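First the structure, in the form of structure tokens, and then the observations on it.
Each chain gets a letter, A, B, C and D, in the order it is written, and its residues are counted from 1.
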Amino acid sequence: MKKKWVLIGLLLVFLFTFPLYSTNYLLHIGIITLMFAFASQAWNIISGYSGQFSFGHAAFFGVGAYTSTVLLVEYNVNPWIGMFIGAIIAAAIAFVLGFLTFRYKLKGAYFSLTTLAFAEILRVFVKNTDFFRKTMGIMIPLDINPFWYQFQTRVGYYYTILILTIIITVIVYLISRSRLGFNLIAIRENEDAAQSLGVRTFKNKMIAITLSGGLTAFAGTFYAQYLLFVKPETVFASDISVSILMPAIVGGVGTVAGPIVGSFIVTPLGELTSQMFSNLAGTNLIAYGVIIIIIILFMPEGVVGRYHDWVNRRKKGNKETQEQKESVTS
Amino acid sequence: MSLWLFIQSLIDGLLMGGIYSIMAIGLTLIFGVMGIINFAQGALMMLGMYVTYWAFTLAGIDPYLSLPLSAIALFILGALIQKGVLERVMDAPDHNILLITFGIMMIIENTALVLFSPDFRSITVPWLSETIKMGDYVVSKPKLIAFFISMSVALLLYWFLQKSYLGKAIRGTANNKIGAALVGIKSKRINYITFGLGAAIAAIAGSLMTPIISISPSIGHTFILKTFVVVVLGGLGNVLGAFVGGLIIGVSEALAGAAFSGTLNELVIYVIFVLILIFRPKGIFGGGS
Amino acid sequence: MKRLSLLLFALFFALILAACGESKDNFRETDSQQDEATEETSGSEQVDVIKIGSLHPLTGPQASEGQEMRDAIQLAIDEVNENGGIKSLGGAKVELIDSDSENNPEKGIAEVQTMANAGVVGIIGPYTTAVALAATQEAERIGVPFIVDVGSADAITERGFKYTFRIQPPASKFPEAFLKYVPQLNEEYGVELKTVINAHEDSDFGTGMANVLKENAAAAGLEVLDTLPHPFDTADLSSDVNKIKAQNPDIVSATTYLNDGQLLVETLIGANVKPKAIIGMASGAFSNAKFIREQTDINQYIMDVNYAMNPNSELTEEVKKKYEEKYNKGLGPNAAISYTAAKVLLDAIERAGSTDRDKIREAIAETRLTDHILAQEEIVFDETGQNVNAQPVVNQIIDGRSYVVMPEPYKERDAVYPLP
Amino acid sequence: MTLLKLEHVTKRFAGLVAVNDVSFSVDKGEIVGIIGPNGAGKTTLFHTISGYHVADEGVIEYKRKNIRGLKPEIICEHGIARTFQIVQPFGNLTLLENVIVGAFNRHKKYSEAKAVAMEMLEFVGMKKRADVRMKDLTFPEQKKVELARALATEPELLFLDEIMSGLNPTEVQEMIEIIKEIRDRGITIMFIEHLMAAVMSLSERIIVMHHGEVLAIGKPEEVKENPAVIEAYLGGAV
């Protein structure tokens, strides 16, 4: 137990001091890594804990990006506030999506494909709506001022997303030890059994998807403020959905540390392959695909899942040897 | 909308629907039997296109004659993918399998990019280039052929699954793995065959598309999402459903395209999709083949 | 298995650190970055290799164009190297660092960083607007000159950036040119083609031009009957073509990429739709070398209002020939723009006589390049960084070749207008 | 005091009548066994009362409130818990976590739920292995944990569906003791069981079902001598 906290402490020290010895490039990679760790952590709530696998979290990401941007550009609303409004709207959309799907007990592939379609609906809607400037996208005017969510250097963005990621991780940790968390896992593991124990499955799933959607929007707002440009093709793309779910799966679905560990593998891995295989375009993506497949083949429960398994087995082993000793001595 | 526009759109929609259908049939077969949502289906189709393209360009083989060639080639590749990779994760959670097929898609697409270059390529087949004209209405020859082949594949596959021994074994595996194993069906081999068949059908779709559009390594993206819609519409795992689903999507897309401005017709497809999922979650024709 | 996971983890970090540790980079941005660049090079000008960067989509649906453009830059570099390198720097050789944007803005930023760390003195790219906006902003922060070869949104050069330059005309110039040239064509050839339907790919590239065309058509005496967007990777345009057929316009205008442009023409012909003119606006198909050469049974007399190479220049012919010999494909206008961008950058390095990014930036700003292959006057940048003389011309495909048909002095031959 | 009352409850599946016009009542503190040949509708009856099936006809009253048509989770909140004929574990969770899910039914705080869960694990004799994953247990062990999990919801009425099947004689004896102790804690119990010795020794009353209908209700001795019951069992055996 203590060892765990020491590790977390060390990690936090590393993350907080990272800008001191990092290059600008590494800081950018760190920011993107944390951003997807954040989004993946949000995804984890509905998909990891309650097992409802969403393939369309780009919907909420995009809503976060667009809401804060439109509010800023059209109505001069501060993005720090716009961020929360975006989250509320995304949560509302998630609520509707959840209501439609869970009400009719959609599960598995059907749920995944519905979320995918939902993200597509939003993308097509935005790109056909004059109010959102169609496919032209919206640029955020440069106005460097932390009060307006714009920082002189990358360090500001880094600490913003770092703190957001820590907050969401704490939230997920608290959920994982709460009634809600246990209910969600119970739903994932065995819905019938969960019901027999008084778990209100519909209500819990609704809470999970609403929370998950709303939180994902924060990452969207951050993305928009970081790049100062949003476009339906970039923020509602299915690529974004994949980038959101990949860290959690690689790291370990339904674990608190999974999405973070996963993102620290997946995102740098993409960079690494593209640097190592830069001579021939495409080879980098082949390498990336191969490595992702290998990771999933050999660690189907994700890196953190593997680790837990290993710890469990070691514990069990220790206990057994202890018991043997005891039986010998007695 | 004038009557002419309506009828012409209907024709175009039906023909395009035939193409969506054949894409969807392969996908639905794989899902129905193995429960895999195969993201690499579009990439497999792309490979089928290249087989036909090269056969035509290098050896002058007519695209419809190279159809068996691409089907066989992709059948083998599909079976190998199943044996080499997917077999190891058949019991893993759905999301793992999904990501694996996603990885396979990346590998196939970018290998094609490295081998064939990203250039758009197209073939011109003289006897196909004339359209059939009936008064004011026009019908594209390669699309018409694709439509009929697609329908034949759907019927053949349906017949195969219902009547042949192997087909029954495949259905048996789909319904009950353990039960099938008890009566001596080797589910591993059935899975090779199923994924191979799915890939072969994707290849047929690709070959049929080659005279119609330009091909490039990333062409699969154009179809994959729409194909998912079709598959769900027809009921995951339902072959005839996938065929009819394809027609429905083709027609609604064309009619919506005629009726609305912009690209809102895409919206129509997804809205139909979500409505179907909500009110008839097993597809219009119920699940299972 | 746990060992494997830990190993992988450690490996990634180690390699990333190694990859980035090679070149030093400071973490405080903007001002200090430039100081360092100055320090690095101000001591002596003994340089062996000068690196320039290329940022284009080399994978994914836009890879075809992206690789064509990257190749053109390589050609320009090879030419300089074969002619003794950068003379003002003692014959230093130029090296291309090429990178794949994957058409993804955050990837674009990372690549700009990587290239800057690798020590490039300037970057050329990136083909699409979303990447252009993000990448130029990053280049601005670091202080590395970024020459946008293709990247159409007007906004790219409207943000007051010092380090951003653009060769191609901004998007709004194309519909403006269309509205200027079509009435001229009407007058010159004695016809009245007034109604237009505009089919365009639906990203900012096509949509932006469609909007300008629609707003200003009436003033030019033209009428836009309908505007038909489609996704660039569409597999079917029969809906759009049916609408065109139903409304029977004089002119079909089109802003497309390659495959959708070709599909549009094929579908028009298949549906027996015969407008009196088909005129592209910056069409990726109608100015594509391969389309022009190979699709002769469908492309006869198609026009395109687009940036183009200067057909009456020997230099152009020479470059075209070299490109084709080297890469076994034709040099299209996009690649020509990239080639020119490389020439501008190389010329600036030569004049700056330094690898200092600021000095090179200044040299680019002072560019006066007359010896180039584009159909425009000398290349000069205004204070926003826009190549002011960049202008679209009217091309027409006749018998498998594209000719400039308007305006003087680039005109090669008379247009066939309207379609016979 | 009547705790549960069924009146003319009928449940059909596509023409097949699984539960036919069943009426009975259970008093607080009773132990009632349900027996009957395979396919008699026992499990369907449990499912119908606990909300997994909705009865087509009839009234199901619990503490004088109609609970017909309520969802399983609501019925659990009302105070009815159950185990399953085929165990339904949360395989990837530890025993403790499995039981905590149940304990959260009445307790909102993690620490409280954990304490209750520990107590229940101790009660069924599985405390030692609290940190083991459920899927690593043997079948009889899983049954015990499932019982602890159901008890952790703090029910007043407990349904046990063939909880002794697959247990060896020692384990059966243990289980009988556990069930008696549960009854002593004031929890009313209804259980389906094939093991006649266990049924006879535990039950205060027995309900015999056959072809979806109630064949007989009564004290063990009465039921044992009921000619219709003998007939049904012999008939079923042939």
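Methods note: a residue touches a chain if its C-beta (ideal position, glycine included) is under 8 Å from a C-beta of that chain, and two chains touch if they have at least 3 such contacts.
This structure is a prediction, so every number in the text was calculated from the model and none was measured.
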Task = Please flag the chain sitting at the greatest distance from chain D, going by CA centroids.
result = C
Pair of chains joined by more contacts [C-beta pairs], A-B or A-D = A-B
Request  = Find the geometric centre of each of chain C and chain D from their Cα atoms only, then give the gap between the two centres in Å, rounded to an integer.
outcome  = 74
Query = Just curious, how far off is chain D from chain A if you go by their C-alpha centres, in Å?
reply = 41
Ask   = Roughly how many whole angstrom separate the Cα centroids of chain A and chain B?
value = 32
Task = Could you put a whole-Å number on the gap between the CA centroids of chain B and chain C?
result = 35
Ask   = Using the touch rule from the top of the page, what residues of chain B touch 2 or more other chains?
value = 110, 113, 262-263, 266
Task = Find every residue in chain C that makes contact with two or more other chains and list them.
result = 58-59, 63, 67, 202, 229
Residues of chain A whose C-beta touches two or more other chains = 127, 281-282, 285
Request  = Between the chains shown, work out who touches whom and classify the graph as line, ring, star, complete or other.
outcome  = other
Interchain contacts, given as pairs of chains that touch = A-B, A-C, A-D, B-C
Ask   = For chain A, which residues are in contact with chain D within the complex?
value = 177-179, 182-183, 185-186, 189-190, 192-201, 312, 315-316
Remark   = Listed in rising order, chain D residues that touch chain A in their complex are 50-52, 71-74, 76-77, 81-82, 84, 88-93, 97, 100-102, 104-105, 108, 110, 113, 131-133, 149-150, 152-153
Request  = Using the touch definition up top, name the residues of chain C that touch chain A in the complex.
outcome  = 1-2, 4-5, 8-9, 12-13, 15-17, 19-20, 24-30, 58-59, 63, 67, 98-100, 104-107, 109-110, 113-114, 116-117, 129-130, 133-134, 137, 142, 153, 155, 159, 202-204, 207-208, 211, 229
Task = Mind listing the chain A positions that touch chain C in their complex?
result = 19-20, 22-29, 32, 127, 134-137, 139, 142, 152-155, 223, 227-229, 231, 233-234, 239, 264-265, 268-269, 271-272, 274-276, 278, 281-282, 284-285, 295, 298-299, 303, 306-307, 310
Residues of chain B touching chain C in the complex = 2, 4-5, 8-9, 12, 16, 19, 110, 113, 117-120, 122, 124, 129, 131, 133, 138, 140, 209, 212-214, 216-219, 221-223, 253-254, 257-258, 261-263, 265-266
